[in-house]
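One chain, chain A, appears in both complexes that follow, with chain B as partner in the first and chain C in the second.
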Partner chain A sequence: MNRIKAYIPFSKGGFLTAIAYRTHILGFLVGELLFSFIMYYLWKTVFANTGGTLLGFTFSDMVVFIFLSNATRFLIHSEATYTVAEEIVEGSISMRLIKPVRLDLSLMFTDLGSTILTFLLIFIPMLIGIEIYRFVEFGVWMISPIRILLFLFSASLSFLVNFYFDLCFGFMAFFLKNLWGFSILKQSMVNFLSGSMIPLDFLPKIFADPIKLMPFASISYTPVMIFMGKYSGMTVFNAMALQIFWVIMLYLLSALIFSIAKRYLSVQGG
Partner chain B sequence: MSHFLRLYKTFIAQYFKRLLEYRIDFLTGAFSFLFDQVTSLVFIFIIFSQIPTLSGYPFEAIVFIYGFSLIPKGLDHFFTDNLWKVAYFMVRRGDFDRYLTKPIHPLLHVIMETWQIDALGELLIGLSLVIYSSSQGIIQWIWTDIILLPLTLIMASLIYTSIKMMVSAIALWTKRSGSILQMVYSTNEFAKYPIAIYHKIIQFTITYVIPFAFTSYFPARYFMTRENPWVNLGGLYGIALIFTLSGVYLWQAGLKVYESAGS
Partner chain C sequence: MITVENAVKEFKKVVKQPGLKGSVQALFKPGYEIVHAVSDISFEVNKGEIMGFIGPNGAGKSTMIKMLTGILYPTAGNITVAGYNPQKQRQQYVQHIGVVFGQRTQLWWDLPLSETFTVLKEIYRVQQKEFEQRMGYLNEVLDIAPLMTSPVRTLSLGQRMRADLAAAMLHRPKVLFLDEPTIGLDVVVKDNIRKAIANMNKVDDTTIILTTHDLADIELLSHRIMMIDHGKLVYQGTLHDLKDKYGKSKKIEFVISDITQPVQQLLADRFGQRGIEFALDQDKGTLIYDRSIPSAMILKELLELVSIKDISIKESDVEAIIKEIYMTGDKHE
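So, the complex of A and B:
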């Protein structure tokens, strides 16, 4: 327990940084919301043309999907890639390495600090908005506490998958020094393959099935499908087991990369 | 004029030296922007596997509008990327001071100093889509297009550049305006699709407030239908000129009140 206590100040730091950079977060929020609205109007036009359902999705399903995916992306957002990459290039990573804390946990708790803020200020309002939308659409409250709990549990796993994936990516800076291009590539890859742009079931089955097994689907598709009730019974269990599998795999991978990368670390000046 | 060209050549030569130093990074940058567009295309493809037309436009027309929107965006991205740095951190860190000590106009210096090779990804995709869709018979090219098409693309890029100029100029007062620029700039995403699909408020915003609809939808509609050249092209030219002048004016005004943030 004491071990965890050592990391609490990192969360506090992350929380305060998030508050200090609120305009930055606001800019990010507006950009993401804009993207969701473009998706909303595109699908609205599509559904107006097809009428009824499309591959098992109704239009209101789609609306929930678009905005919940968006909210989930905010919730699991991690700065690990940028922080690690910047510290490696600047050499300030040495300050982290000489402290008696673990690199991954100190970064994770920093992320958690800002996650608390986005949970309260972005996620909760969006969830309320989605529930109100469903109430207006269906005339009854669709709130299901069990689904919300399962969603939050699955989203926590998503956070871990995303975090360790980001960390692995950040460690690439040990070899490449400059990560700007790679981080854009990573972002568009994650956006597409995680199914937050198009429901994975809309892709041809031959692509959808392997993509669902990749860690990307564990990032946002799984919790969103659970919330929407598209997964039920054993499927929920299997999807979460896959998430746990990827948390462990990516954790081991990041540890491996780090142990190799440490040998390449060269800090100039100090 | 030849003085400027010589200066520009020197700046760009320096840029290419940096480019060679970080070769892999530059290549991944361009590849990333390319990949980003490819995912959007897959998305359009999936939509059209479900429906024959999107608010009256067939697949080729949507591809043309989408591709057309990328060219001015890419041109601006290629030539004036440094304005982002002014908005985000140059003023705040005090790096901006050095532009004031040189015998060329700071705005010109900032823009001339560098290129952004990442933009080649967008340009490549944009051009391929325009060529592909027009080869599918969506466009009947006429001889005036030899002049009008390049002119339109340049004017449309000026809308991007002038919006970046105006918002980055705010940093000369407030030290940074990167987040505002990000917000304003990101509305260009709306311009990739026919604006008819959006709510009236959004249509109004991207036509009259942040006029990105003039960088793609309106001119693309002119080339497809040859209707209303005065609105579809004339509107674009007028707005581009007014916005560019406003951008330059705001920079002039900002430079007068600029106070260094550096130590």
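So, the complex of A and C:
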């Protein structure tokens, strides 16, 4: 019923806009890299004082974790909350609603456009860097095409989970009109609970287990653990099933919020 | 083509008392006030008609257009456009309409203008052959070909408006909504835009709904007008009827070279006291008379009584009529 072809231009637009703001991306990249290095030195100190392994993580595991988590976070990044909130605040949501396209898909495909750019510009180099690091560290190539494919599949699900979570949040702007403070809260929550800052397994089991069931873990922890080989066999399958579950739940939730929210729309300013 | 029955739109607005105390109070217990943007408006528009909404700022014109385009949900009432419910069937419905909001743009801001049209071609599923033909026509009426390679943000307001209008018309909509299409434009551009709108209406038999503050838009384009004030429909009909109903008098302005007779008296004797008003300010005279008196007759009399250098006859001014209606509307508050 919805032809994907009609949404391709949104990806193209997102891609071209991302290129138009390449300095923005570059700045972001440098910032993220710096952040990764800060984490790197922080953990280096921690491991220096524990010796060997920490809760099943070796230091080289940790290095892979830090850089891959950040790259993944970057890869699945969504502008949906920001875009929806801004469009509602300044009223340009009107221009989106007068097009014969679905709101969620048009936003998602715009995100996909910039995701393609981040994938090529940031993710691929980061992945190569990680493989080189592992080669230097262990003296053998550790590249596993199956792991990479599973990672990419899981990361795609992460993208969807993150996107619909972001969208649900963005729709809150229909009620709240201004979402700035709220979205900072959301971002900190996601960063912490998704396990991209600290591996969730480092948290006490009583916290870690429920958090792993929440949608946040599906956002970036799952693909990273799959890549690192921390999950295997049925665990991979279960983790992905959980991701799919959250995609569906959040999709339904976003549809529900939108069906209520659209009645509350009062286009501000003209 | 369009049927609106008892449309109502109410907004909830947060009201805050002034000062620090008010701010603190609003933080814990915000006060609300219901704003009646549109209250109980009904009308119909036929296919191929151009209908103009006029009314002072904040009268509810834009809210009405946003309900007609499916963006806002009416609090009550029924709206049907081209056989669709704009809110419930938004996605199918908007395939058949074109919208221009004078204060916003649907063009892809950072990209060359041509990109916007390729995007719209995909979104509205316009076939390649149809697309080429349509672009040819739109270029003919709006002269957009020279703008195609420029990024949209570099276009002037006039160029942008031409492009926006073309973008709204690419998919041959059945209904075109224009919310203040000539806002902020210079006289020449306004004129071109109006010509283009009239042409599109004629060529495709497109139904057009427009809102404006520029009465020239209304005079040159609209077949019918609706005047909205404080969310209520205060007048509905043709511009001609509006003049008939409210503009009861006509006016002659002239420059005299000589005057010897008591003109007011003599004209009043000749036509009766039917609203004849003669005034003279040095050599500039004005004569206001009831529109039931044929202009030729009164002119003949006037020319016999005074010798005149220059003369012009004015229909009662629409602007003056509308101003009067707006003002009397305010008094009811």
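Following the convention adopted for this analysis, the second predicted complex is superposed on the first by the 265 of 270 C-alpha atoms of A that agree within 3 Å, B and C clash if a C-alpha of one lies under 4 Å from a C-alpha of the other, contacts with A are read in each partner's own complex, and residues count from 1 in each chain.
What we mean here is this: a contact is a pair of C-beta atoms (placed from the backbone, for glycine too) under 8 Å apart; a residue touches a chain by one contact, two chains touch by 3 or more.
All figures in this text were calculated on a predicted structure; none of them were measured in a lab.
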Task = Could you look at A:Asn238 and tell me whether it touches chain B, chain C, both or neither (first, second, both, neither)?
result = neither
Task = Please indicate which partner A:Gly91 is in contact with in the superposed arrangement: first for chain B, second for chain C, both, or neither.
result = second
Key: Partner contacting more residues of chain A (chain B vs chain C)   = B
Inquiry  = Looking at A:Leu265 after the superposition, I want to know if it touches chain B, chain C, both of them or none. Which is it: first, second, both, neither?
reply    = second
Inquiry  = Under the stated touch criterion, which partner chain does A:Ala20 make contact with: chain B (first), chain C (second), both, or neither?
reply    = second
Inquiry  = Output check: A:Ser144 vs chain B and chain C. Expected answer is one of first, second, both, neither. What do you get?
reply    = neither
Ask   = Just chain B (first), just chain C (second), both, or neither: which does A:Ile184 touch?
value = first
Task = Considering only the touch criterion stated at the top, classify A:Lys5 as touching first (chain B), second (chain C), both, or neither.
result = second
Message = Quick one: is A:Thr53 in contact with chain B, with chain C, with both, or with neither? Answer first, second, both or neither.
response = neither
Key: Contact residues common to both interfaces of chain A (with chain B and with chain C)   = none
Ask   = Any idea which chain B residues touch chain A in the complex?
value = 22, 24-33, 35-36, 39, 42-43, 46-47, 50-55, 118, 178-180, 182-183, 186-187, 189-190, 192-193, 197-199, 202
Ask   = In their complex, what parts of chain C are in touch with chain A?
value = 11-12, 62, 66, 69-73, 87, 90-92, 94-95, 97, 99, 101, 103-106, 108, 110-111, 115, 118-119, 122-125
Key: Touching residues on chain A, where the partner in the complex is chain B   = 23-24, 26-28, 30-31, 34-35, 37-38, 41-42, 44-46, 49-50, 54, 176-182, 184-185, 188-189, 191-192, 197-198, 202-203
Ask   = Which residues, counting only chain A, touch chain C once they are in their complex?
value = 3, 5-6, 8-10, 12-13, 16-17, 20, 91-95, 97-102, 262-263, 265-267, 270
